[in-house]
Amino acid sequence: METLTIQLQAPQPARGRRAMAIVGVVGSGDLEVLAERVLAAEECHLEISTAIAGFGPVWQAVARDFVERRSPGGVRFSINDGGARPDIVAIRLAQAARLIEEDQPCT
Amino acid sequence: MAEWQQNRARRDRRIEAGIKLAEGKIVAAGDATRLLEAVIQPGDRVCLEGDNQKQADLLSAALLAADPARLNTLHMVQSGVVLPAHLDLFERGIAKRLDYAYSGPQSARIAAMLFGGKIELGAVHTYLELFARYFIDLTPHVALIAAVSADRDGNLYTGPNTEDTPTVVEATAFKDGIVIAQVGEIVDHVPRVDIPGDRVHFVVDAGRPFFVEPLFTRDPALITETQILTAMLAIKGIYAPYGVRRLNHGIGFSTAAIELLLPTFGERLGLKGKIATHFALNPHPALIPAIEAGWVEQIHSFGSEVGMDGYIRARPDIYFTGSDGSLRSNRAFSQVAGLYACDMFIGSTLQIDLAGNSSTVTTSRVAGFGGAPNMGSDARGRRHPSEPWLKAGADADPVSPAPLRRGRKLVVQIGETFGEKNAPQFVERLDAIELADRLKLDLAPVMIYGDDVTHIVTEEGIANLLLCRSPAEREQAIRGVAGYTDVGLARDRKAVEGLRARGVICRPEDLGIDPLDADRSLLAARSIKDLVHWSGGLYDPPSRFRNW
Amino acid sequence: MTLADLLASLFPSGHDIHVDKGVLVGSARLPDGSDALVLGVTDHAPIGVDEAIVLAKAVMDSIDRGTGPILVLVDSGSQRMSKRDELLGLNEYLSHLAKALILADLKGRPTIGILYGHSAAGAFLATALATRVLVAIPGAEPAVMDLPSMSRVTKLPIEVLEEKAKSTAVFAPGLDNLAKTGAVYAVWGDRTSLDRQLGALLAAMPDTVDRRGALGKERGGRTLAADIAARVRHAGLSGARD
Amino acid sequence: MHVSRAESGGDPVGSRPAGAGPRSWYEASARQRLDLLLDPGSFAEFLAPPDRVVSPHLALFDLPHQFDDGIAVGRGRLGGRDVLVAAQEGRFMGGAFGEVHGAKLTGLVKAARDLASTPVLILFDTGGVRLQEANAGELAIAEIMRAVIEARAAGVPVVGLIGGRAGCYGGGGLIAACCSALVISEQGRIAVSGPEVIETNRGVEEFDSRDRALVWRTMGGKHRRLIGAAGTFVDDAVAAFRAAAIECIGENGAIDAAVLAAEQERLDTRVQRFGTMEDGLDIWAALGIPDPKSVPGMPAETFIPLADQFGVNGHDAR
């Protein structure tokens, strides 16, 4: 297992008030992303645990594009990776960002 | 005086040698090897019918059982090298030389045998090239073919999987060759005559159907969100603007996704009747929802597909059927249709290089070409116009006067930036080149040449190569949709943004597509069972695709 | 240990136990003079629907009638792996046997499993693991999963698995590992006769509370399960709404 | 401990386009099933992902863990009634039982036992015991089975819902058979030994695991409903599971010697009637179904009345 931490600056804080969101499953070729609003508003961290070592630069590139596009400031993304390809990683990150920015459901 | 009938005399001697084993034309399955030993001569060119689907499996086993002392150094000329027995013939020395087109399931072994010198290679062809050479310099002395049934006169019913048979028989029978057919049963009257009996010299009663592989069944349950996204991009970014109505689809999951998005995503875009109405295509089960929703007008097929016979029989307005009601397929004609009558080919590949050349070989596998290059190439002989063809031509050459400007076929490569086992789809150098080095081939096995490719679709966007004006632009256009592969990461970001501004590169957002909307619930069918429901219970999928 | 040796050592006062195709059913005289229902499996026999229904019937016939403990002697294979058994719903038959044993235990018929040979998977769950306490005779060799199968699934060589097994009791076969996880209440010694050890166990029989989580934690073979179950149970109880 | 509101969903739930049919249970993730099964917004998870209660054993095999170890447990409401609920995620490690995964379910059922009134729902999706922690998984299953019987002895309905990708295999099948009621869809499968296990141990002649039609008519949802192994058959739609689950939690889940005696008779009768038959088709024919071959292709709305008419009923004898 390899763990990676990527810390980036986000120009805008994530919208909404949800504390956390989770998407995806640690299945073959998939990953889970846990988003938690626990950081300072201009910070965005990705903590990655992956079974496939040696893809640091690719994770960096995916993370950079993701934060550039969605700017989810204040959110820490914790990732358990089951060997997902970068396109799936990008989709799950975007899904997690969208979900944590959704309004709280009425109960 | 010159002797002008030697071949006919030789053919008659062969028939005479075989006739002792036959009752009329009928030979018992147990005598098949003796028949082949009697009829075939060492060094003969033999077509052992191996198509990409149906297989003359009994005759290939019979040939393999022949005595190599009597039968050897044969020159096999067949489109498909698919069964293990096809290669065992070379191991045993019965066969020596090979000209073929497709070797999907045997791709690793054939590579090893080519490398080890067990096989003397003529050439790897496309289907149309091999069929063409049957009539020029690779005419079979003996054709071993497969049919569903025969009558006692040798009239053959090839059924839905007619495939290569008419072409093979035409070349063999009319040039004084011998045609031997294995059939599932002998009947009093065949349901329809696919091959007239006077072209068939012997019929071996196999007592069981020939082997057929379900090659074109894609389980919708396995289609991913990324494939759905690429399919959405293709429909909205290529099918719609060019108005593509006549086309061929490859067999990958992205094109299956396109088929399943027509009645949902396509419907919402108001494209029904405007795109995807006429196909050169096998009976893909994934196309059933689009057919049922009224999208498709007509389909001509290379072969059939396991489980589709009942559905096809009930939809003769869509498919080509015989007097018996079942599908009539014909690989040669459908390939010609794909080459000349279609405005678009869209399919997937394993590797694409910086010039857009693509290949499905790896260093240890030689899968052959099959028909993709016939479909996936610009037909330089084409003269009839159509809107998509003219528009693509104008994209490529805005300068020449319209009456003198060639059109272009749309040749689209669609796929995810990373494929199976996270292998990148985009590479600096094709593995095919290394393979060609190792095997000392004159040509690297390139499936689709870069100068034929017009568009590349990935989850990152569409690259329209018709709009590129230099090799450097072309390279950046390809890098610009290559995602996080090494090729993609090495892009010139500024150049790529420039190409995007010119519409050479189109991102999902440029087309108004949110990647997060690429959801499986968009698929008209999400399982094989859904396809069965769409078909009204007429589609009967093979057991291995079922979960009920 | 053979069944004959086991029965002789366990029940010196006599027993009436019949063995039919690996399935044993009967009764035995206990050290204190009372009778116990005895059932079980011998000779590594697999348990299929036919075996399970016979064993469950013995428990059901006795559940309201008798008063003594129920002893389950186990030297079984795995569940019977066959098309017929699955067609008939083997899971229900195995569960039915386990349910009968558990319910009998809850109704005051203490159940004791005695593992004296092999057992695995579904057969283990339906018999030995469905009792209030499970004791093992030295030499017992339970294997929830055998290493060759595990090697096939994990695609790791057996030697690698054996190496990994040294550091954790959580996956490897064998009595020691299983005892560490808390499945086995006690391993009987071979210096004292089995009837005396059985007598001692019956005299100090624990109540029906499932202690296996606590034992696993105490013995260091299953360190998390007890606490996690307790946390979830607590959350379930504390947040209760009307 | 972190007890959070449901903020879950494998992929965003809000983006379902129109005209795409009902939400499939089979396709949904464990969290999506919970979201759509329970009253909207009512799920509160115990040991939720932010608590990061993960398996410590997978790293030994260089396998990634998941923040919920493949099972989400908590409380929710179903038709206005308080329920305890567990959902297995069949795509993580095949939904298999490991130490943490199992202990979460053990604790949940024990809570139900002690509350003695709150029904339990178990959304099965499991291949059985997780090989990498086989001893812990097996033992967890034994503990869960005992807890389920204790809960039912205290009068608690324990309802199993089966229709996921991984089916309900191995020890999962044994727990399922301890439930007071089972709801199953066509995609659902219940068995102890899976097709590949039988084939590996006994050969392809005994069971051809690639013959999927055979798999389904041996252990699939329709067969299980017809022989009375599952009481309720539903279409593969979350809404259908919800309706059936609401009904089942209203039923009496108590177990006692009389219930077990009835089960003894039910199971005994099954072996007597069908024990010599080779194939599901033979059993369906023996049940009096006019055209057994048509059963696999039948849509749910046709199959349900057929099963009610010809199938083995006897809901409570379990």
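Every chain is named by a letter (A, B, C and D) in the order it is written, and numbering of its residues begins at 1.
The working rule: contacts are C-beta pairs under 8 Å (C-beta built on N, C-alpha and C of every residue); 3 or more make two chains touch, one makes a residue touch a chain.
Labels paired with UniProt names: A = Malonate decarboxylase acyl carrier protein; B = Malonate decarboxylase alpha subunit; C = Malonate decarboxylase gamma subunit; D = Malonate decarboxylase beta subunit.
As the structure is a computational prediction, the values presented were derived from the model and not from experiment.
Each chain gets a centre from the mean of its Cα atoms; the one farthest from the centre of subunit A is C. Taking A-D and A-B together, the pair of chains sharing more C-beta contacts is A-D. Inter-chain spacing, taken between the CA centroids of subunit A and subunit D, is 32 Å. Mean C-alpha positions place subunit B and subunit C at a centre distance of 59 Å. Here the spacing of subunit A and subunit B, counted between their Cα centres, is 41 Å.
Centres computed as Cα averages put subunit B at a distance of 43 Å from subunit D.
Along subunit D, residues 11-12 each make contact with two or more other chains.
Shown for subunit B are the residues in touch with two or more other chains, namely 225, 516. The full set of touching chain pairs reads A-B, A-D, B-D, C-D.
Subunit A contributes residues 52, 57-58, 61-62, 83, 85-88, 90-91, 94-95, 98 to its touches with subunit B in the complex.
Looking at the complex, you find that subunit D touches subunit B at residues 11-12, 15-17, 19-21, 23-24, 26-27, 186-187, 210-214, 216, 220, 222, 296-297, 299. Note for the complex: subunit D touches subunit C at residues 1, 3, 44, 46-47, 53, 56-57, 60-61, 73-75, 82, 84, 99-100, 102-104, 106-108, 110-112, 114-115, 118, 129, 131-143, 145-147, 149-150, 153, 170-171, 173-178, 190-193, 197-198, 200-202, 206-207, 218-219, 223-224, 227, 229, 255-257, 260-261, 263-264, 267-268, 270-271, 274-275, 277-280, 283, 318. Those residues of subunit B whose C-beta lies close enough to touch subunit A in the complex are 224-226, 416-418, 422, 459-460, 483-484, 489, 515-516, 518. The touching residues of subunit B, when paired with subunit D in their complex, are 221, 225, 264, 516-517, 519-523, 526-527, 529-530, 532-533, 537, 543-548.
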